[in-house]
Amino acid sequence: MERLLTVSGLTTEFRTERGTVKAVNDVSYHVDEGEIIGLVGESGCGKSVSQLSVMQLIPNPPGKIVAGSVEFEGQDLLRYGRESREMCAIRGGRISMVFQEPMTSLNPAMTICRQMGEVLTEHLGIDKAEARERSVDMLSQVGIPDPGKRADDYPHQLSGGMRQRVMVGMSMLCNPKMIIADEATTALDATIQAQLLELMYEMVNKYHTALVMVTHNLGIVARYVHRVNVMYAGRIIESGTVRELWANPMHPYTEGLLKCVPKLGERLVPIKGMPPSLINRPPTCPFLPRCRLRQKSCFEEPVPELTHVEGDHYTTCRVRLEGLTDD
Amino acid sequence: MLTYIVRRLIHAFVVIVIVSIAVFILIRLLPGDPIEMLISQTQLTETTPEMIEALRHDKGLDRPLPVQYADWFVQMIRGDFGTSIMRNFDIGKEIGNRVTVTLMIGLSAFVIGLVLGPILGIVSAVRRGKFVDNLVTVIANIGITAPAFWVGILLIFFFGVRLKLLPIYGYTLPWDDFWMSFKQSLMPIFVTALGPIATTARQTRSSVLEVMSEDYIRTAWAKGLNERKVILRHIIKNSLLPVVTLQGTMLRMVVGGSVVVETVFVIPGMGKMMVDAMLSHDYPVVQAVTVIMTLVVVLSSLIVDLLYGWLDPRIQYD
Amino acid sequence: GRDTKANTQSSPVPGSSPSAAGTDNTAAPPAVSGAPEYGGVLRIVNTSEGATPLGVPWEVIGIDVNLITPYGEALLLEKTSGEIEPWLAADWKIDTTNLTVTFTLRQDVKFTDGSDFNADVAAWNIQQAIDAGIINPAISGVSVTGPYEIKVQLDNWSNTILSTFASHSFSMISKEAFEKNGIDWARENPVGTGPFKLKEYVRGERITYEKNENYWQAGKPYLDGVEYVFIRDVMTQNAAVQASGDQGVDVLNTNSAEQMITLNSPDIYLDKMAIGPVSLVPSSNNPDSPLSKLEVRQAISYAIDRQSLVDARGFGILTPATQFIPDTWGAHLPDSYNLSYNTEKAKELLAQAGYPNGFTTKLIAMPGMVDKDMVVAVQSMLQAVGINVELEFPDSGGYSNYRFNGWEGMLVQHTRSLPAIANTFGLYFDVKKDDATGAYSYIYMPSTWRPLEELYNAEQAAGQAIEPDDKLLQDVHKIIMDNMICIPLYNIYDAFIIKNNVHDTGFSQWGAGTMFLPADAWKSSK
Amino acid sequence: MTTKTDSINAPGLGGEVDILEEQLLPPVNEFRRFVKVFFRRKIVLIGFIIVVLIVAMAIFADVIAPFGPYEQDLHNVLAAPDSTHLLGTDSLGRDLLSRIIYGSRVALSVGVITVLLSAAVGTLIGLVAGYAEGALQSVIMRLTDAMMAIPSLILSLIVASILNRGVLGVVIAVAITLFPGYIRLINGQVLSVKQNDYVMAGRSMGSHKARIMFRHILPNCLSPLIVQMTMMMGVAILSEASLSFLGLGILPPTAAWGGMCYDGYKYLMMRPLLSIAPGLAIMVLVFSFNMVGDGLRDALDPKLRGTSSN
Amino acid sequence: MIEAARGNIVDIVNLKMYFPVRRGLLKRKIADVKALDDVSFSIRPGETLGLVGESGCGKTTVGRCIVRLYRPTGGIVMFEGADISHSGESDLRQIRRKMALVFQDPYSSLDPRMSSGDIVGEPLKIHHLVKSKKEYDERVAELFIMSGLSPDMTDRYPHEFSGGQRQRLSIARALAGDPSLIVCDEPISALDVSMQAQILNLLQELQSKNDRLSYLFISHDLLAVQYISQRVAVMYLGRVVEISDAGELYANTLHPYSIALLSAQPLPDPVAEEKRHRIILTGDVPTPLNPPAGCAFHPRCPRAKKECSESVPPLRDAGGGHFVACHCV
């Protein structure tokens, strides 16, 4: 499989009244063609910001990418300006994004067909009539009944599930190399969510598109994803294939996370404490205050880089890594 | 849609009834009696109470208030606004002439505000924090911080008396003499438009800033649109929505401001008529002018709301 | 009821403008060189809104009467000095025993619709005015006594009766046109005998008159037209006078001294005339009020530094007033009422009256005619002798309410002197008698004050003399001044600010609503 | 990093646990945050400083002003600026500068009292209307619509001529045109605040209506209310000037900027300062109020408020 | 049907809640949103009843009817044996001390202008449960500790807390009146997995300390419901379609909707997931404004037969207290 995207050392900051929030801190990962990547972690850990940074959609001010590179198909995207022509061509054309909120992510004052068609006219330069035709076609592919009529509806006339299907369809229109789905199904009902996930899964398989799934639902990760990155407080703290990670979580956070999911007959063991603030984080391990494995050295040394453990498995837990090397 | 309009018209009617009752009562609370004022304007040094009573009877002011009101209101609905107590003219006809003039000035100012305000607002929002933004803020504020009569007279002295560029007073309807009308309208329209421009610009600015942080704008960026397209296609229409609702108030401001502007620039419109009638306690004139002005405001806000529905597909009328 | 007393005066209405007696042209018009020139439009600022239809003169009241001048003519003309001159009536005869006035009409006069002006038409016009109830109630009827002769019947005699027929409210209009088209048409379409015809009337903006080619005075008028522009705002008026060309106006009438000074320039001259003083009129309502004491009224007069007032706010135009009637009229008294500025005397008088610590009263300023700053200055002068004064600046409605129904404190009122001076007294000091039968005068005066009774009787006598008699009028005046029934402050002037190239308008010459002689006016082309 | 620990028995965390200081969000100094946002735009800072200066000027007018506001000198009227009278004298020989300084009192009281009056009345009615809903709300809102349909200057013109024209008369005349706006604002706010679960929670706890209205709903309507109030101060001050132009302003001899601007207007050619100085004073004050309003809007906007971790 | 047994905390019988929809010139009522149509169940002392179902199926409405924020259109709500369906505001005020509500949204359910201490102590003040300021402070501190918050935090404002902490505040407030019933309306939906676990444990611990405390636990997360509830009710479009003991329901799911819902919940176990057969439904949830005839689920039901579109299946006992409303079972 071809390497599609390589993110290295990505760091994004927000200047806020409270101080500088390092929302994404030295994040590196890669995506291969046709691969489904999961990005998990609790709310506020920087999942969305890391993905928006790749797309250069960070609201500026207050946000700013301060370091790192994003190499996509051999080009370093961060070299292009936010509003540069190159970046515009990539957004929506080569990489597209589906956002969490189906209610607010569509322009309320435009028919869905125009909103979809816009991507086509923008990137493929085709005329409006054809754009409409293709949009309607896509609508039927994503399972909207009577797409010809629905195309002229405004977003508020569709249910949440349908709107999110429109978003998914829109992201597929230009046949991009990669789709980033930022909690694309979180806001939906359980049964509708399943419907939509299945649809996306089929579509990316069909077009051999890479998919980055941002979510905090471990069940979804378990079901669809090949490789998963676990984020905590702006850093990727562990990464590996799903099976590997589930079978053998290295980082105490990952471990804790897996124990938080109610399972029949098992008592929940919550991770004690609260997620940390991202302001003025010391370079030590962000999970330190909550960590049950912490050692004295953890307080003194900066957090290690994401280090290879075995196979596709990487972690940043010093104790585990050192424990390993000790062995 | 039709039921909506009908409902709004009924609503408008209710508003008119309330306003007319309020004005009917308020104007009668003014100290001073129009009949006495009228009599003091005649050639007579000597007036008897009988003469005053006769005159009062003549003008219909001796009847019980509810009767007077009901009679006046019914006549008005039929399109007859009665006759001026003080000056004996047909109010309906006079208003007919004057409402055109007030609306010519008012609507032009309104339209200018509607065009310039959003442009300034968008520019300053898009370049927020920059020099342009501050410039627009200051300019927009000058427009609403200075008393209108004062701006008016400064303009008259500068452009009229000093530079002799523009006529100082008077008004010609555009279909009578377009060029003259244009020249005469410039200053009054400018003074009238200052408020709407400034208010609309401010409102647009904050509305654009708000829309810019909406999720669907992020979606638009994610589609790969460039800044120009994002602004033109996605931001403008959505940010104008709250601005449109503001326009109802704007017309109220413009129509009310005509009282001052028309006096300064000698424009024979409703505002001037209103002041004159107020000062001479010409009850039926004040009542009629207020009702017509209110009607203008009410109808225009109906139009604004319909426009709103056209702009915002989420609104449904039923 | 009361007997004859007509005031054929253009409105003494608050906020109204002028016409009066006694000319005093400070700035003389530039020397006229050569014969009148033809052409041009004379633009005159009018300060009102002017919305009255002008076509039916007996319906036109107040200041709007002036606007009739270009198209309408009355039987007589009245000079500002009170002299009566023939106009549409070539001659008249008064019969004081039978109480009739017989007018002989001109025979060469036609209305602008071509119909003839004759006795029938004149009598019809007068009858309309009688029916409308606005004519002097002493006139009981009119009859045609010849093709060009009418006789007016009176109920009782008043020596000011003739000025009634000089008012433009009694301008003659075409009976034929009126009867053919009805009153609604007539209101909008004046048909008179004057030198001009109505061309356009934009209410609230302007009235345009054009030349009447068939005017009965051969060769006149000289002007192509007369235009009134309605400008209420003082600054806009100033701008209009200072403008030139199409926008420039030729004549502005004002009694604001500061406006006269502001506009003073080599291009204009001031045609001004005295129109009587602004006075304090104490309420005679309440016998218990301090103001009912003569000493208090005198004290107030002594407390006022008239010269300073005039220095500060007169701009060299206003003059201190010590009498109710200024010296331009015969009723002026020998200089014995110069109540000079003397605060010590004022305080002494107050103490004498039983108010050593002063009292609180109110000044109610007449809108329009009275300078606000003057009132403020008077307030502080009264304050200086211990009289605490509240100010009130009502609008004309509020003011007329006080006039009709009584007030507390003092009105600051312009007590205009009319051409027929007897009318002035009648206008201001009629006495309101018992509520049921009382007559209304310009100022409400219940007879709780003894001197008012006296004044009333003297005034009756003066009005009923066959000819106006200065001696009798002086007696009336003396009662006012002896009792300080009103306290004069400063004399104001009615001024016409006229562009230098405008000639022979006679603005300050003609009273009784005539304003000026449009037929004689002309403009030199510079 | 602080390591202060609190040992408490926290259920849900599985018995005895440490609650580290860090587990809480860092405490925010609400006031400092507010100040920071408020002054983020320089122009707001300028406006704020001016308002403070003018308020100081009003308070210390007696000390600052070289002359009394009513001290006339009939022998020195309309004097040109000189070293005694820095801005010259007016038509009664009163010191213009002193009158402008004293005029700030009237301007502020017109602004402040009008706004307080109209806001108090409007808020109360709006609160009742919004909370009551149903017929009462419809009636109130229809009446409000009617009030709002009358052009404001016309309404204040009528009311001002009915009332006597003291400061209070003008205040009431202007307040009457402003209070329907507050009814609408508060009504809208109440309808939206009511949607919040905490209002529902208040009801579910058995709170009285009054408690819900004044304890829960009203405080949460305050931000837009305060913003509206600052904005309306400018409007009120301007209305006073317009009323003066129409002859219905504050009575002389009170030093009111609107009245001074209009009275001085007649001497525009002779002594332009007489009108320009109070005119500028009005502009500056209204501008400053507007800027403060803008700043408050930003600072009070919950959207701009740093909420917790997400 | 389920009988109102003596000693239950809550019994609701044939509960109906219709919201009128007004349209047109005169704002006439043109239809009803049948948010609840004939819902009956009971909650026993000390028990947790889980209530699951998709958005808009009426879960919240049930909860609010029970605490009488809504006046039911029909049916009966009994609280501790007393019929409160028509009680007036002042009677309710007494009762409301004993029941509390915890909301889904940790942001909008706390008044942002009140300090956390005031929020938690409000019920104490409303019901005059404390006599002195000192007692009040002690009680508030106690409540903070009970819900796992440090009592030092009482002067902080809600926006200084994280979502999980806010939810603890809500719970602390709910506990203030020492209630016998807490209606938890999706208390964990807005939280992270780790927070969810903390809250679930907290609720359980509180219950273990007070054995008369009952919960109505509303959620759409079947796993969480399974974890915390003794009994579970499944709703679909205004009706209860299945109700049973938790163990029984998960082991032996009967209603096709319950089955689909359970299968839509992906298990966080890649190995199990791979083997699992999933039922993916088609179509959207219909609106209660215009529900389909017959069984509301039939348009999406993989097992629908003709009968399903004709008559509404009644809730009947499928044995052992397992009630289900389906023609096919």
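As written, the chains take the letters A, B, C, D and E, and residue 1 is the first residue of each chain.
By our rule, a contact is a pair of C-beta atoms (placed from the backbone, for glycine too) under 8 Å apart; a residue touches a chain by one contact, two chains touch by 3 or more.
Predicted, not measured: the structure shown is a model, and the values here were computed from it.
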Highest-count interface - the chain pair sharing the most C-beta contacts: B-C
Furthest chain, CA centroid comparison against chain A: C
For chain A paired with chain C, centre-to-centre distance based on mean C-alpha positions, whole Å: 90
Inter-centroid spacing, chain D versus chain C (mean Cα positions, whole Å): 49
Intercentroid distance (Cα basis), chain D paired with chain B, Å: 25
Numbers and ranges of chain D residues touching at least 2 other chains: 12-14, 19, 24-25, 28, 161, 247, 265, 268, 306, 309-310
Residues of chain C touching at least two other chains: 235, 395, 397-398
In chain B, residues with contacts to at least two other chains: 30-31, 149, 153, 157, 213, 263, 275, 278-279
Chain D partner contacts - residues on chain E that touch it in the complex: 64, 67, 69, 92-97, 99-101, 103-105, 107-114, 122-123, 126-127, 145-150, 152-153, 156-157, 159-163, 165-166, 168, 170, 173, 177, 198-199, 201-203, 205-206
Residue ranges of chain A touching chain E (in the complex, touch as defined): 42-43, 143, 159, 161-162, 189-195, 197-198, 216-223, 242-243, 246, 256-264, 268-271, 274-275
Complex contact set, residues of chain C against chain B: 1-2, 5-9, 11, 13, 15-16, 48-49, 51-53, 59, 61-62, 64, 133-137, 164, 167, 169, 187, 202-206, 229-233, 235-236, 239-240, 242-247, 394-401, 403-404, 423, 426-427, 430, 436-442
Chain B-touching residues of chain A, taken from the complex the two chains share: 55, 57, 59, 83, 85, 88-93, 96-97, 99, 101, 104-110, 118-119, 122-123, 154, 156, 167, 170
Chain D-facing residues of chain B, complex: 11, 14-15, 18-19, 22-23, 26-27, 29-31, 129, 134, 137-138, 141-142, 144-150, 153, 157, 202, 206, 213, 249, 252-253, 255-257, 259-260, 263, 274-275, 278-279, 286, 289-290, 293-294, 297-298, 301
